[in-house]
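For reference, the structures are reproduced in the following blocks.
Next, two complexes with subunit A in common: one pairs it with subunit B, the other with subunit C.
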Partner chain A sequence: MTVSRRLPLLLIPATLFLLVIYVWPSLGLFRNAFNEVGPTGAMVEAWSLATWRATFHDSFTFELTLNSLWLSSVSTLIALCMAYPVSLFLFRTDSRFRGLLAVVAIMPMLVSGVVRVFGWLAILGDRGLVNTTLQSLGLISTPLKLVFNWTGVTIGLAESIMPYMILALLAGFGRLDRTLEEAARSLGASPFRTFRRVTLPLSLPAIALAAGLGFVLSMSAYITPKLLGGGRVFVLATEIFEQATTNTNWPVAAVLAIYTLVLLLALLVVSNLVARRLQR
Partner chain B sequence: MTGAGRVLSSFAALVYVLILAPIVVVVMLAFSADNFILFPPSGYSLRWFQQLAGHAPLQAALWLSVQVAAVVTLLSLAVGVPAALALAKGRFAGRDTLANFFVAPLLLPTLITGLALLLFFSPLKLTATLPGLVLGHMTVTVPFVIRMMTTALANLPDDIEAAAATLGATPWRVVRRVTLPLATPGLIACACLSFLLSFDETVISLFIAGPRASTLPVEMVRYVEGRTDPLIAALSVVLIVATLAVVLVVERLVGVARAVGK
Partner chain C sequence: MLTRRLAIQSGLATIAMPAVLRAQTLSGQITLMSYAGIFQDNYTKTVIEPFQQKHPGVKVNFVPGGSSAQMVGSVRAQKADPQTDVVIMDVTTSSIGNLEGLFEKLTPAEFPVLNELLPEARAAGGEFGPAVTFDHLVIVQDAALNPQLTKLADVWRPDLKGHIALAAPPNIQGLALTAMTEKMEGGDYRKSIDAAMKKLKELAPGVNTFDPNPDGYSLILNGVAKVATGWNARAQLYSDQTNGKINVLLPPEGSVFQVNTINLTAGSKNRAAAAAFVAHALSQDAQKAFTERMFYAPSNAKAQIDAKALARTAASPENLARMIPVDWNEVLKVRDQWNNRWRREVIAAAR
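Right after this comes the complex of A and B.
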């Protein structure tokens, strides 16, 4: 018998740690959202809804929400189009390099976000790979604006969420049964038709889960919109950071953070519901 | 019909090119002889590595990051492994609830954790200090260690422990002489990954780091915001090589796909 009655005592340090350093600060964040900012700009302890009212009367909050939702949708869609073939490939391949290929597929996860942003600057910048190639081919005369705008942020974000989506897709591909595809093929379906009528429908729950994850990750991403946006891209994440550190307007930062969290929870619930419905 | 098929393999190959592109480009740029980001570089040199060797702020930040990551790793294992042991081996009421509670911080975006910690640490004067950074990073690494070690410990064969117990070993002795030695590869992999997680943690650090105590990713963000020359590319190459070395160790021990399996 290895099970000791005193075993649960081992949980005490971790529980205490998380209560003090995670639960308590989270409650503090919630508390801060009801404080006010005084005329001097200093925070005043209060239980008021003034910050909430001001934040949601501001049309900028609405704009930030639309920006975040749009950016996350497009990035998730692009990432899905890239992650799906790679996951399916990894799921099916019998290559002896499968392990290595899996590592390479999730490589962006293992490389610092700042490093990848730097790589995209070198690819998409005014004098980067894409522009110099197009110019030397004579296709364009002035460089295309590909970074420090929404284009750059979307591309960088899609790349950074892709590895997480690959893992989610791989985990969700369990129901894909090779024999069903073979049956469709032997009954005369073309490879494309087999994919559209058998493979794709069977993998829809996995797609819903991966898309939900990608969306949540892009909504809360900060480094990529900040650095590839070059100060011209405003989303909820960048605004929360600005309000908290540059403006030290903590009540507003807290309100925006809670608002973002509620949006994310709603999105997660929806994507889980969709995934469950598709599973049937 | 086995394997992946030609069409699918070609699609996948294309995506692999895209995945690798930013990394390959950074590596080439690190050896650039130019003063700015120009791709392909007009010439190659080691000047940016030399610059890096003499760049005091980045070196100070690197040193602080290594210190933080080392302390974070030790403390996370000290807090997380006992909890994982209890979760993997214990049968008690509320076990599943606790297991969910322990991994909950991983679900919260680090942007929000960072903000919560900034508000919490400011009155305590913990911002821009080593303890503050360590505690902040542990909100990410402790849940990670608990989750990874619970799986690793639960997958160990029960009968060896049972045998030791029947032969008269006390429960504590079984843990020390049987369970932990069997779990050593998992422990090392877990330690390596928490070190990397802490070393690479950017958003929480951006919230709680200050000019006096700045970690490497924070310094890198500030550098890229201010100017774009190949210095960060040279630093990136150093970091990529170091990360690859750690990943290879982990791959050897447990397999990365299983280790990061979310």
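Right after this comes the complex of A and C.
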């Protein structure tokens, strides 16, 4: 057997691993979606579409979908506006500290999500850094409501996806050629015009890639909406958790999990199509 | 010479011999799954360690199982190959486990201690694992709050706006609060919760969080909230541990029992030791020790509890009179309906 023919054998360990830890549990989840829950909460083994019908007849499912899409869109947009300049700076800088700066930019990824969220509670709470500072400067008399609502969740989520978006942008900046910008400048374009007509269009594939990643991560985020939402922010991820671990309603949790997965796959396909079109 | 006394003693010894031998020969490991944190710490000291002293051959591994629903989920997932032997969890979830065949029925013939339990304790589990502790919903308040709350209706006081932490349904605290508010408004939760919804809607804009994390007691101690809902036992212990920084109120309008049952897992791999542990946990000594340590009301009617400790539980006659009888199996049937009403009416009014 030639080396090239033997190459696919390298895929066997990873395939087996994924089959055991991902495909098999996913099939179990799929099976649960067809079970029913009796009036006293006990799960009844069945092959029934009753849970699917009940879930999609409930207007709350669509409220959850809209909430998730809205929250993910806003968080992704905010994170993109913050991540783009950082990534561009890291991509362009010749500083010998470039590596260190890159590590600093993605450092939040290395900290547990729960710890980061509790950090936000300390910063945004009624007696947190932001409110204390604003009150001591005399800008506000009563604390602003920055946590346990949509504002807190949006801020926390944007921060949590930003490092991933920085990495995605850096990976996608490959086509960004400095000589093209220099050519634009030498032809008399202002820095803003150069950015608008050269830099931004060339970095659109990277933006699409980062936005897709940020959106998917926001849609599946659980810790931030749960801890910073104060029970007011209902999204698909929190509902799946509540149904599985508080209501013991595994069939509904499974239906919502499959629905979310399909929704995310559809969004990824759209994101990839956009990225490809922009690369042409 | 064989006297009558000797004959009786020999007879009794013969009858008791299998049990004595069984107790002496119990060995191996059992896994107990229940709540983490202060429950685990105090249960280990007052119940598990004395059991292990009585049965040196048995090791009890305490596995923190998260919430009751997470515990029943774990047992459900391990149905084909049970990894836990005994589970202490809320009755609303243990009844789900009973219906799904996850737990064993217990008989008075095998567990004579069942005959010592309060009728409510036996009724809680039916033929399955009975109540091992009773707790009740309380209002927890910052001791520095002036004036202190003296009744449930005080939670609606204007000065508390923005300082209230409630656990909304499907959390069992939210379900209990719904029944309590309905009673406060002169209604009966078995007929309707309309009055409770109306009253809670008025409260909603002043609620800081409907999902206290890590819990209402901590939020008060950290200054995030001034008033929260909580469970009596934990609240009493936190009050002691913080030298009275939080106060515990059993509202005169009434409160609701929360029942924890003890359950023997079907197919337990070390059933004899697990059954011995269940019997020990329900025994007078274990019930007395745990109640005096953590202020859960005992389920064993014969347990001789210190009067001071008893007064801090719902088992004292004065507190018992305030309890609203709630059939959790009936509440389970309307749980989703209550949950939806909270989301659409109460929490929606807080946005």
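Everything below uses one rule, namely that the second predicted complex is superposed on the first by the 262 of 280 C-alpha atoms of A that agree within 3 Å, B and C clash if a C-alpha of one lies under 4 Å from a C-alpha of the other, contacts with A are read in each partner's own complex, and residues count from 1 in each chain.
In the analysis below, contacts are C-beta pairs under 8 Å (C-beta built on N, C-alpha and C of every residue); 3 or more make two chains touch, one makes a residue touch a chain.
Note that the structure is predicted; figures quoted are calculated from it, not measured.
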Fit or clash between subunit C and subunit B when superposed on subunit A: clash
First, second, both or neither for A:168, with subunit B first and subunit C second: first
Of subunit C and subunit B, partner touching more subunit A residues: B
Which superposed partner A:77 touches (first subunit B, second subunit C, both, neither): neither
Which superposed partner A:50 touches (first subunit B, second subunit C, both, neither): neither
Touched partner set for A:204, first subunit B, second subunit C, both or neither: neither
Partner chain(s) touched by A:246 [first = subunit B, second = subunit C, both, neither]: second
Touched partner set for A:8, first subunit B, second subunit C, both or neither: first
Contacts of A:189 with subunit B and subunit C, given as first, second, both or neither: neither
Touched partner set for A:274, first subunit B, second subunit C, both or neither: neither
First (subunit B), second (subunit C), both or neither touched by A:60: second
Doubly contacted subunit A residues - partners subunit C and subunit B: 125, 127, 226-227, 244-245, 250
Residue ranges of subunit A in contact with subunit B within the complex: 1-4, 6-11, 13-15, 17-18, 21-22, 24-26, 28-29, 32, 82-83, 85-86, 88-90, 92-95, 99, 101-123, 125, 127-129, 132, 159, 162, 164, 167-168, 171, 178, 181-182, 185, 191, 216, 219-220, 222-223, 226-227, 237, 240-241, 244-245, 250, 253-254, 257, 260-261, 264
Subunit A-touching residues of subunit B, taken from the complex the two chains share: 1-5, 7-9, 11-12, 15-16, 18-23, 25-26, 29, 36-40, 78-80, 82-83, 85-87, 89-92, 98, 101-102, 104-105, 108-113, 115-120, 135, 138-139, 142-143, 146, 158, 161-162, 165, 171-172, 174-175, 179, 196, 200, 202-203, 206-207, 217, 220-221, 224-225, 228, 232-233, 236, 239-240, 243, 247, 251, 255-257, 260-262
Subunit C residues touching subunit A - in the complex, by the definition given at the top: 66-67, 69-70, 72-73, 76, 92-93, 95-96, 99-100, 162, 167-168, 170-171, 208-211, 213, 223-224, 329, 332-333, 335-336, 339-340, 343-344, 347, 350-351
Subunit C-touching residues of subunit A, taken from the complex the two chains share: 38-43, 60, 125-127, 148-149, 226-227, 229-232, 234, 242, 244-248, 250
